[in-house]
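Questions regarding the structure given below will be posed in turn.
Letters A, B, C and D name the chains as they come in the text, with residue numbers starting at 1 for each one.
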Amino acid sequence: MNDLNRQAIANYKNDFLREVEERVEDGDWVRMCMQCGVCAGSCPLGNAWEHTPQKLFMMIRAGKREEVLSSDSMWMCTSCYNCIVRCPRKLPITHIMHGLAHYAHKLNMAPKGQPTRDIAKLFWDNLVKTGRVNELKFSLAMYFKDGFMQGIRNALAMQAVGMGLVKAKRLNPMEILGGHKCKDQGGIHRMIAKARAIEAHKKG
Amino acid sequence: MSKRQYAFYPGCSSQKGASASNFVTSIQMMCEKLGVQLNEIPDWNCCGASIGYGEGGELPRLVLNARNLALAEQHLPGQDMVSGCPACWLSTRETAERLNKFDDLMAEANEALKEAGLNLKGSVKARHIVEVLIEDVGFAEMRQAVVKPLQDLKIAGYVGCQTNRPFGITGESFENPLYLDKMIETVGAEAVSSYDQKVTCCGGALAFSEPDKSQKQIRDIVESAYDHGAEMIVTPCQLCQANVEVYQSEINKKQGTQFNMPVVYYSQLMTVAYGGGVKQAGLDGHIIQPKKLQDIAGK
Amino acid sequence: MTATIATNQTLLVVGGGISGMTAALEAAECGKQVILAERNATLGGRTALLYRYFPKMCHPTCGLEINLRRLKANRNLRVLTQAEVTAISGTRGNYTVTLKISPRYVNNNCTACGECAKVVETEIPDPYQYNLSQTHAAYLPHAMAYPQRYVLDPCIIGTPDADKAKAACKYGAIELDMQAETVELKVGAVIWATGWKPYDAAKIQPYGYDRFDNVITSVEFERLADPHGPTGGKLLRPSDGKEARNIAFIQCAGSRDENHLRHCSRICCMASLKQTQYVREAYGEEGRSTVYYIDIRSIDRLEDFYRKVQQDPTVKFIKSKVANIKLHEESSDLILHGVDTEGYHRYAEQHDLVVLAVGMEPESNGIQLPADMVADASGFLEGSADGGQFGAGAASSPLDVNRAVQSATAAALRAIQVVHKTSRPELVEGGAKS
Amino acid sequence: MSEMKTAAYICSGCELGDKLDVAQLSKIAQKEGKMALVREHEFLCSEAAVQIIRDDIANEAVTHICIAACSRRAKTEAFHFPEVAMSRANLREGVIWIVAEGSEHDEVRQDMADDYVRMACAELKKMKLPQGNPNHAGNKRILVVGGGMSGLTAALEAAEAGYEVVLIEKENQLGGWASKLWKRVPFKQPYAEPQDTGAAALAAKVTAHPRITVHLNSTLAETSGAPGRFGVQIAQESGASVTEEVGAIVQATGFSAYDLNKLPELGGGKPNVTDQAGLEALARAANGATIKRADGKEISSVVFIQCAGQRDDSGTHLPYCSGHCCATSVKQAMYFKDANPDVDTVVMYTDLRMPGMGEDFYRSAQDKGVIFTKGKAAAVETSGDGCTVKFRDLILDEDTAVNADLVVLATGQVPNAGVDLEAWNPIVTAAEGGSEEAKVQRVELHKTSVLKLNYRQGPDMPQLKQGFSDSHFICFPYETRRTGIYAAGPVRRPMDMLQATEDATGAALKAIQAVENASLGRAAHPRSGDLSFPSARLEGCTQCKRCTVECPFGAIDEDEKRYPVFNESRCRRCGTCMGACPVRVISFENYSVDTVGMQIKAVDMPDEFSEKPRILLLACENDAYPALDMAGLQHHVYSAFVRAIPVRCLGSVNTIWITDALNSGYDGVMLMGCKHGDNYQCHFVKGSELANYRMSKIDDTFKQLGLEPERVITHEVAITDHARVAQLINDYAAKINEIGMSPMKAFA
């Protein structure tokens, strides 16, 4: 259990709802859910969700901290925003799902090896590095995230796609030697660091 | 006549040699013909996309976009910020609206921006190119510019998610937006009006992490296009384009389908209709060749 | 003529539905002078377009008949149809009301013999069937219409049809040169019983009312079930006229939704429960009804009815706000997607007809109201700031018929208080003991 | 009234002239109908023709007119002659619109029209112009029983309209439940915060009002009389007794809370388990500060259990929903959150019922952090210093539990409606039969009465169901079975405070209406304005008590000699007494055994070889007769052998009409009335049911006459049965054809 988690448990005892309200992006909306379930039915990957958004909200109210934060449900969010536009209470459900995922990740309670979680991290690291995404490095990183051999397998599996993109000049092998980047990378790094610091100070 | 000026935010996937490089190619001539001038924002950075949240969290994600807004505000004052990529547009607009709504967030964002020597007032409006076409240019002008109507071409207009939700194009429905079909008809092609996968999610970023689940989505999208007699799919979204085009071979491999459905951008249709060639329309940038469109462009 | 009978002792009731008729009758039966102004060509309002009432499953026209008889017997009451309030000036106890009366093109001579309808060929969508069927442009709104006089639709004025109608009438009842007239009245108090309208279902995009023929509204379903409706009481679905046997009822279609109506419309749960019994009435054990709901609001003793329906094996309840509806192209059936939140069961249910239990919106949304009218967040009318005008019935709150009538009766007393006080100074607050 | 001069006016418009021999109709009116004056007109409802009639009334001293034209429901504005008696022969909707087209039907069509003219003339000659009830009384004061929110509102609203009000309250202060609340649910925009109850202000207004007299610590000892002349004895705690005369009564006696102790499974009776009333007391004690338990502990967690002992289908508790409890619990949860946001408040519900703008109040509570759990409580147990609520979480689909310092059970409203007459009547019968035990029971039960009416049919209002004295009618919530007495507030139906005040205001209007009607000797709803009233030739009365027992409105009492005592302003003019009377001594001026009997006899009866059967149709004027009219309007064809007579209610049908009809050779008799039973539609409550009962008892009549029982048939008909009534008539005509012509014709 990481310090953040320990400290959160200490702070909020078992008032998980308050914890979510104060620490999770748009978490203060959770209490406004009226359990109609329209979000649950609107999710394109719905059947992959162990707990639907509306159910997660109920679990939060019921103080099921462990179950919620270790769930991989919110990692199934494709950001299609169907739930947001249909919610009769106008809850920003997509953001809350993102927020919960991020919070679980930060507390290191999110499922180990959850693919979206891993890729999200790769993606972020990749983009902050230069300020812009390097799709080749990102893809390679993706393939090799589960170790070298698996990476080769993944790469081979996706070879056709890769070559296709290369042929179509939509994947540039040269990117491996640097590729696109922002000029003011230093500024960007300092900026992100600052933002993280502020958030940490505000939301633990 | 003087051109309409916009601060342009291409986004990572539109860079040279990136997955949507042919999109940027295809909008050059379209904008030229429609008197739209896109001025690239100097040193723009990634928006964090729809998956940045996992590691990035809230404020870091916001400031990434705040930086682009600030750069536009500073270098291209008075110009609306326009993006061709729904994810970029969405993140930027969301950021702009949230920062303008909550002063504390704006203050925090600026505190971080200071580190990059920038400051955001919040004057910039974040828009999508499609908005520019529909609201500023208008269908009439779009039609006028047509020199090569794309006759007997049956196209499924696939809008996807993020161009459509949560913001969408003003006046359009989240469930059944009509503007894309209208654009298809504007360039003389036939839109499959009964296409029922218009706004189905392609899996987005989860195409990488949850291939099987996303490919099920993609399969529906392509299948319905075939069922309704479409010859190609057209979309305003880079990620949709990539996902729906790229993974067809995978789906064929795994599920024994014989998908070979071209997926192009509306801008490519328009460029061809405006007289553009294969290269100008970025039609050389496809894995599944949009033959029919290429032929018309070739003529 | 009407102007002369009105004084500041007169009450004006705006709207001739069940609430308006009740307010007007109750006041008139207390000896008050009342003018009842109805925008349409007949009294009766929306309840006259319902097949049955919950929970007794009795017929609205039964009460309408009694009210019409009370009205015919009462000389204190004057009815104006096709009359709309265009302006109100003055204050509590002394208003001047301007009414615009649209031409009916048929005068009091009409005996309702029906000769004109026989010769008029033009057909128009029948507003008294929610446009589900056509009617001749010379028509009697419905069998219970009051006044029992035909109406000519303006669309045929100036056409040969109009002349044919005129020629067919032996009683000189048809006046083609009838013009809209403006009437000014002095009244002491005004009761707004302008009622409700079904929320525009097309705005609820996920349900595709504007895209799918077999998605209809609850008010349209009333017409389908009614033997005097467009299908003679058979539950025939629009797309292909096939009998609908497996019907979905979607609750909160527009209600309890900040994207649409922020309030709960109160009646929709009971209306759908009632309509499941129309399905049973039509097919017995063979019918299938499924109610998709958030909370079933069968308040007070209406709970009995809910219990009865729950015990009906042909009715299924699913606690879920349906996410969206997709068309099953081969069958024109509809597939409802969503999640049963009681225990989390994902469904994709096929139905041959979907009935949206659409919410109640104040009819007054969109009509011009006096400046000092006070309304709530949804537009339901509380009354005027000066205390001389009152909301009544469904115009004042989403109410079922029973409560609307109570509300109208209460409004009648409040209006009476106003005119009493203008006529008898000692009645003004703090007045001397009489 | 000057002596009778009759006139008949026969219309030839609306194709009557084309389809009928109008000259013959005139002749019949003159020769057989003995009309002093007969006129024909081709457009009888025209202003010109109506003027002719007016002139005849003015210049020719015509006192009785017969209009032979369209249905009595049509053209009522034109044919409005209040100063004379009027009958109408329905030749349009009733004849030419329903008889099959074609010359082959000319004869039967004409027969039918001829008969209707004969009948209208016959009826007319037996009619008198109603003069209004002579012993009507004009007391216009309103008695309000109960000083809670409903009673106070009714009193103030009536007084503000200029009427004198007497208000009695059993407790020593006004305000009822409302005065025991800390705050109430908001009535108006914005629906966000609990509001001051306003009870104190209202009570003050009432107390100070120049037209309101308040009696505290008072109950009713006896109520006698009728609208316009109720005599009430008020018993005061002191033992003193006051007598007041009033014109109408509003019963606003409210409700009692369902007994907590009946809910042991939910912890009822345990410490730290209370009901909503108990919580209000704690909130008042806290006065805005953090709410403490009875034992002084500050409450840091509270669970509200909705529907406690309500919506119960096991038969143990209340079967209904009390409507207000969801909003009340939400309001009470706000008490805690407003005082201290850190208090955990859980509202446990199965269906949250906050209609209308209640949704905003619900949102507001969520915004304040009130937790809503969709769950069903299984048990409440004491644990440590508080309680544990075991429940089924319906969303998470699991059995679980939650701890709380306090549990609030949202129990239901039990009406204070007094004596249930269903229980009362058998006891009275037994007591009158001499049972000593019953006599004791009667005394005990009578003590629980609220109104203490000295009516023949019992001391309180009849209850609709579940103990509430509500109206049975959806369109007429103020319909009452005790004329001039109106229930208001939770005694009539479970309701919240907003609805109770609305209801009370409406009830006040009805009370005002009742005194105004009574003072003019007019009937109340549904025959509003009717001036006719029943009179009895007591010399012929056999004291059988059927009228006093069967009157649906308890309008008839009995004197010491068991003769009926009519209280006209309690009467609704339905004629049920007239129908009940075996010796036919009861009649109305314009509606009597004769007005109908004469019509029956007036019909020209063809002989048994004519192949022209005659079917008498007695149709309820409220639903069946309009249905026949609309069958005409829609040209549904039915047998021309039928002769329809509208009746006020099937309850007014006297069996003599049936026997007379059969004796005079009718081949069949149809009765069409409203639905009876649980969901009865009869506007006079019991009329159609009684008729049905009476018809089932006339078999011996058939035996005497040697007739088939099928010669009389009764149908329940709804006003919407346009096509069906035609079908029923045709089917019956076929049936008669099957069983053959009546053997009675020979003797007729």
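Quick note on the criterion: a contact is a pair of C-beta atoms (placed from the backbone, for glycine too) under 8 Å apart; a residue touches a chain by one contact, two chains touch by 3 or more.
Keep in mind the model is a prediction, meaning the values are calculated, not measured.
Enquirer: In terms of touching chains, how many steps apart are chain B and chain D, taking the shortest path?
Expert: Tracing touching chains, the least step count from chain B to chain D comes to 2.
Enquirer: Relative to the centroid of every protein C-alpha atom displayed, which chain's own C-alpha centroid is closest?
Expert: C
Enquirer: Farthest chain from chain C, going by mean C-alpha coordinates, please.
Expert: Computed centres place A farthest from chain C.
Enquirer: Identify the chain pair with more contacting C-beta pairs: A-D or A-C.
Expert: Result of the comparison of A-D and A-C: A-C.
Enquirer: Just how far, in Å, is the C-alpha centre of chain D from the one of chain A?
Expert: Those two chain centres are 65 Å apart.
Enquirer: Using mean CA coordinates as chain centres, what's the chain A-chain C distance in Å?
Expert: 51
Enquirer: Indicate the whole-number Å distance between the mean C-alpha point of chain C and the mean C-alpha point of chain D.
Expert: The separation of the two C-alpha centroids amounts to 24 Å.
Enquirer: Multi-chain contacts only, two chains or more: what residues does chain C have there?
Expert: In chain C, 206, 256, 319, 324, 341, 344 touch at least two other chains.
Enquirer: Please list all residues of chain B that touch 2 or more other chains.
Expert: Where chain B meets two or more other chains at a single residue, that happens at 174.
Enquirer: Give me the residue numbers in chain A that touch at least two other chains, ranges are fine.
Expert: Answer for chain A, listing residues that touch two or more other chains: 34-35, 54-55, 82, 85-86, 89.
Enquirer: Could you list each pair of chains that touch one another?
Expert: A-B, A-C, A-D, B-C, C-D
Enquirer: Using the touch definition up top, name the residues of chain B that touch chain C in the complex.
Expert: Against chain C, the touching part of chain B is residues 173-176, 194, 196.
Enquirer: For chain C, which residues are in contact with chain B within the complex?
Expert: Touch list, chain C to chain B: 205-206, 208, 211, 324, 326-327, 329.
Enquirer: Per the contact definition, I'd like the list of chain A residues that touch chain D in the complex.
Expert: 17, 31-32, 34-35, 54-55, 58-59, 61-62, 89
Enquirer: In the complex of these two chains, what residues of chain A are touching chain B?
Expert: 25, 44-45, 48, 75-76, 78-82, 84-86, 94, 98-99, 101-102, 105-106, 115-121, 123-125, 127, 131-133, 135, 142, 158, 160-161, 164-165, 167-172, 174-175, 179-180, 182-184, 187-188, 190-196, 198-199, 202
Enquirer: List the residues on chain C that touch chain A in their complex, please.
Expert: 206, 252, 256-260, 294, 319-324, 337-341, 344, 346
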